[in-house]
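Order of writing sets the chain letters: A, B, C and D. Residues in each chain are counted from 1.
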Amino acid sequence: MFNIRTDLAVESREIYREAYKREVPGVDVETEESENCSVTRVKIIDESGEREMGKPKGMYITIDVPKLKNADQDLKDEISQVLAKELKALCKNNENTKTLIVGLGNWNVTPDALGPKVVERVLVTRQYFLAYKKDSDDTVANVSAISPGVMGLTGIETSEIVKGVVEKTKPDLIIAVDALAARRMERVSTTIQISDTGISPGSGIGNKRIGLTKDYLGVPVVAIGVPTVVDAATMVNDTMDLIIGSMKNQAEIGSEFYSVLEQISTEEKYSLIREVLEPFMLNVVVTPKEIDIIIDDLSIIIANGINMALHHGIDLKDVNRYIR
Amino acid sequence: MFNIRTDLAVESREIYREAYKREVPGVDVETEESENCSVTRVKIIDESGEREMGKPKGMYITIDVPKLKNADQDLKDEISQVLAKELKALCKNNENTKTLIVGLGNWNVTPDALGPKVVERVLVTRQYFLAYKKDSDDTVANVSAISPGVMGLTGIETSEIVKGVVEKTKPDLIIAVDALAARRMERVSTTIQISDTGISPGSGIGNKRIGLTKDYLGVPVVAIGVPTVVDAATMVNDTMDLIIGSMKNQAEIGSEFYSVLEQISTEEKYSLIREVLEPFMLNVVVTPKEIDIIIDDLSIIIANGINMALHHGIDLKDVNRYIR
Amino acid sequence: MFNIRTDLAVESREIYREAYKREVPGVDVETEESENCSVTRVKIIDESGEREMGKPKGMYITIDVPKLKNADQDLKDEISQVLAKELKALCKNNENTKTLIVGLGNWNVTPDALGPKVVERVLVTRQYFLAYKKDSDDTVANVSAISPGVMGLTGIETSEIVKGVVEKTKPDLIIAVDALAARRMERVSTTIQISDTGISPGSGIGNKRIGLTKDYLGVPVVAIGVPTVVDAATMVNDTMDLIIGSMKNQAEIGSEFYSVLEQISTEEKYSLIREVLEPFMLNVVVTPKEIDIIIDDLSIIIANGINMALHHGIDLKDVNRYIR
Amino acid sequence: MFNIRTDLAVESREIYREAYKREVPGVDVETEESENCSVTRVKIIDESGEREMGKPKGMYITIDVPKLKNADQDLKDEISQVLAKELKALCKNNENTKTLIVGLGNWNVTPDALGPKVVERVLVTRQYFLAYKKDSDDTVANVSAISPGVMGLTGIETSEIVKGVVEKTKPDLIIAVDALAARRMERVSTTIQISDTGISPGSGIGNKRIGLTKDYLGVPVVAIGVPTVVDAATMVNDTMDLIIGSMKNQAEIGSEFYSVLEQISTEEKYSLIREVLEPFMLNVVVTPKEIDIIIDDLSIIIANGINMALHHGIDLKDVNRYIR
């Protein structure tokens, strides 16, 4: 397994295929294309898949929307709807399912604030079920939501806060939303990943040590993630590869250069870059300039998707009415 | 007991004394004056005190700083220090005490955001005690902090979230910070109340039904509160009293008016106002125009006070270095 | 003319009619009702109208939407459209009109931040006309926008900043957006006033001394205003009137009380309240609790209305795509 | 002259010296070291200096504070004081000087928001001089301040807005504050540059085409800038150089690789990287993770420095009292 940092299953697969020129063993892949977006379902089915992908067994669905960054309202609505459909399939929820939405990340660091922003916008209803002592409703399901913050702000492991809340409120399902790091800048804010494996320790932006999994919490955890930064080391690495590629086709100097680089394995090269960058890059993010606006837009798209997936009485026609 | 809404023990006492022209039974009062501030310690000692004050037995300390709104740095530092001293006396903490700070209120409603803002600024250290597996430290104590939000945002009772966190992290002490409603506009943002009785259901701004008490949480709860709004009904009530007062001294019309008003008891009058205002005033706040800046200033003063009270190695000389 | 503070022409008219039981002289009134909103066009036609209304000659259009506070997306879109229609009629603009949008108010004081928020959201295009050296476009008109701040923040008269910008950029039309003070809490965030008289010195929240008028700027100024606060004195005044009203129907005490109050004229009573409140109410606002959210919603509705009124290629179908 | 993007004169000099192994002609350099900071004064004295440095003639003072990112209050105060001293020397202001502070940049893009944040915090007094019709004061000078926004927000050239304000308010001096792009990540938020040459078109973050110079505005312009981002291309470039450096000392593969790279000139290499990165990096920033907090801290340090430099009655003892 490579040490290249990515939270996206499609990128782990890509890295493997670039290196070994074949499909990852222990992994099933299915793709569905439409005009504006493509949906890739990567299923890790056994230990060899886990090992090569560096991710636990389970389903990883990626919704790719190249034009998402400059999307008009129609495209945004379309993505919310695709997200709602895939989410519903993974969550297997019905109108009696009690869901807790967890917004992970640090609200003070813009590219890490996606989770808390979604929590601010999602339709929360549990208080009405309590107030009217109801078990079910004609249009909405029982939904609560919390942004536990990060350890640097609270001094408390995020997973402990969530476990405390789960024990008190006993939801049937958890949906955790997090900002991710991608390998390629093209994926930043154009890809949404949903998975039924929860959140593994060490994923997301920053050194969150949380693990929000069914094992730990006793409740199924579906994770929604969107890459909002790229790792500086992968950016340098990819740029060097592009340069080499562009030189290969040039004069003798290029070919010589290329043959040298050929001798260094992908893994070695990445480690080298990482080592060189580490001392002064530890806390650097590479992020789109207009990240404030992107996070805002994404949080609405995702909150709308969640609202449609969870609340049986909310559909595309009226979903924008419920956004906060 | 009057139905006039106030979270301040000094105001409950004031209302009683205005009506009955004597000290409240079951209550001990002690006052300490200095150049810039006065400290009033109201101790409710028995059931009669509880009944007349409408508040549970315990100590209620009020720090009044008339010039707080336009305070310079020296006065702010002085208040932080007075707060630290009174807080330390109530908390009875030492360098081994593990404290959880709870910031109550809704961060989206400016005058209700005091608690969350203090939590953002206080020095949180529990993560280092965990990381270095230490039990004590030369300069700082073990402090964690959380802003649980309000039920309208999360769908979860605030007290349940706090109890979940308390069960997981086992603090020895809780300090809860909340924005309060006062009866008099003069008290808004010039009074700090500290009490060892925790937070009773129904106090604070908005209809929080939480109770954060030792009984419920199993850990002592010290509450810090600052009024940031006045109740619209009390404002109208007080204005009418002032008008009547000013008319009493005028021509015959005043005296007649006055004698009419005399016939209505204080309680009746307040109920009348409340009833009239209710339909369209339910969600109105009366608050200083520059409330955004006031909340910012207060959160620094209180966070500094808490930092000095909890961390044995932080004193006035360097407290501003630890503020976030 | 009464000294009761209101920025709304419909309220000035209301006050006059309450006092004199007849229509204001020198004023033409026209009303149009629909299911969700009513549009009132008050035209001040001569000096007697100016004197009695305390406002300069011109057209004052009020859009009243009682359900605006809890509006769904359809109602919001409807209001944007009504606003666009009325605005277009007042502005008499076409696709070659160059418009400067001015967002008045202090972005640090939530209820005063409406103007700056609208400016953040409106579709600004002048830079493209400059970059491509074009005079006209198929879908958009030439629009620029500025939030000049308030004198307490900049040390500069707002009107001077605007005049400087007007001299440099030579727009054909100015649309100025401002938060207003209303007399009645019911009007707060449910009423939009448009007028072709610009902004008079002393209107809006806070003591802005600006006058943004055609006289001063040399360009027609259309003003859009929404009340976001009520004056504390008018609130007390109105409450007292309601109390008296409710007492009138009660026992002998009421009738006596009422007859006393009858002897005080409306004007006297208001002055009395103002005098009593002044010392400690100078900087108080009375505002809905959820004002942060209300301002956000209103800024989108108004920005959408402006976008449809100014840009010939933007209509209801796609207006939400252009909002920032 | 190299095409490598930097707004810092010390970096332009560094690049020249790296390439030609000698001091830049037409440039005088003077350095002053103290325990916590070093001050470098680069004076471009003639056309050859202008050409090689790519910057207009004038004085460029750099205050370098390696520990600024984790500074305690004492260090922050020290830097404010050093800044005040250097600023005063460049501005040649006295207690009768009327100063306009201009905060450049986009307040919606965190690393570009330094200028507007400083403007929010600086002590603005011009309104009192107007209100009391005074020409001078015992403790403060006449200061106004404006954040004109960026063309993408307003549709108006920033320089035109500033010129309009200058014509209306007639200041004697302009201080313009801007966020810069640096070549080295180490300089981000640890370096403050002051210069008496104003702001040249194309500097700062983003493609601002403004030029705020004495020539255009008719008033001396002193610029204060702090790098808050690095250019992605320079980051990749520098990383590649570091990698080559670390390989040189290794086995035969390194030496071969190195000799290849030797054949490519610095300039060629940078162009190559830029070309490769351009399509997908156009709007990317590389910035510290905790940039929100850094910008906050820096804006206080700079506002304090400006306050002490401009207001004769404010010194280190009380400067923190005047910060907003």
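We take it that a residue touches a chain if its C-beta (ideal position, glycine included) is under 8 Å from a C-beta of that chain, and two chains touch if they have at least 3 such contacts.
Since the model is a prediction, treat every value here as computed from it, not as a measurement.
A.B. asks: Of the pairs A-C and A-D, which shows more C-beta pairs in contact?
C.D. replies: A-D
A.B. asks: When the centre of a chain is set as the mean of its C-alpha atoms, what distance in Å lies between chain C and chain D?
C.D. replies: 41
A.B. asks: How many angstrom lie between the centres of chain A and chain C, each centre taken as the mean Cα position?
C.D. replies: 44
A.B. asks: Just the number, please: Cα centre separation of chain A and chain D in whole Å.
C.D. replies: Here chain A and chain D have centroids separated by 36 Å.
A.B. asks: By the touch rule stated above, which residues of chain B touch at least two different other chains?
C.D. replies: In chain B, the residues touching two or more other chains are 108, 293.
A.B. asks: Viewed as a graph of touching chains, is the assembly arranged as a line, ring, star, complete set, or other?
C.D. replies: Topology of the interface graph: complete, with all chain pairs in contact.
A.B. asks: Where on chain D does chain C make contact in their complex?
C.D. replies: Its residues touching chain C are 108, 120, 124-127, 130, 143-149, 151-157, 160-161, 163-169.
A.B. asks: State the interface residues of chain D toward chain B in the complex, per the touch definition above.
C.D. replies: These residues of chain D touch chain B: 72-74, 293, 318, 320-321, 324.
A.B. asks: So in the complex, the part of chain D that touches chain A is made up of which residues?
C.D. replies: Residues 108-110, 112, 185-186, 206, 232, 235-236, 239-240, 242-243, 246-247, 253, 256-257, 260-261, 263-264, 272-273, 275-277, 280-281, 283-290, 292-293 of chain D touch chain A in their complex.
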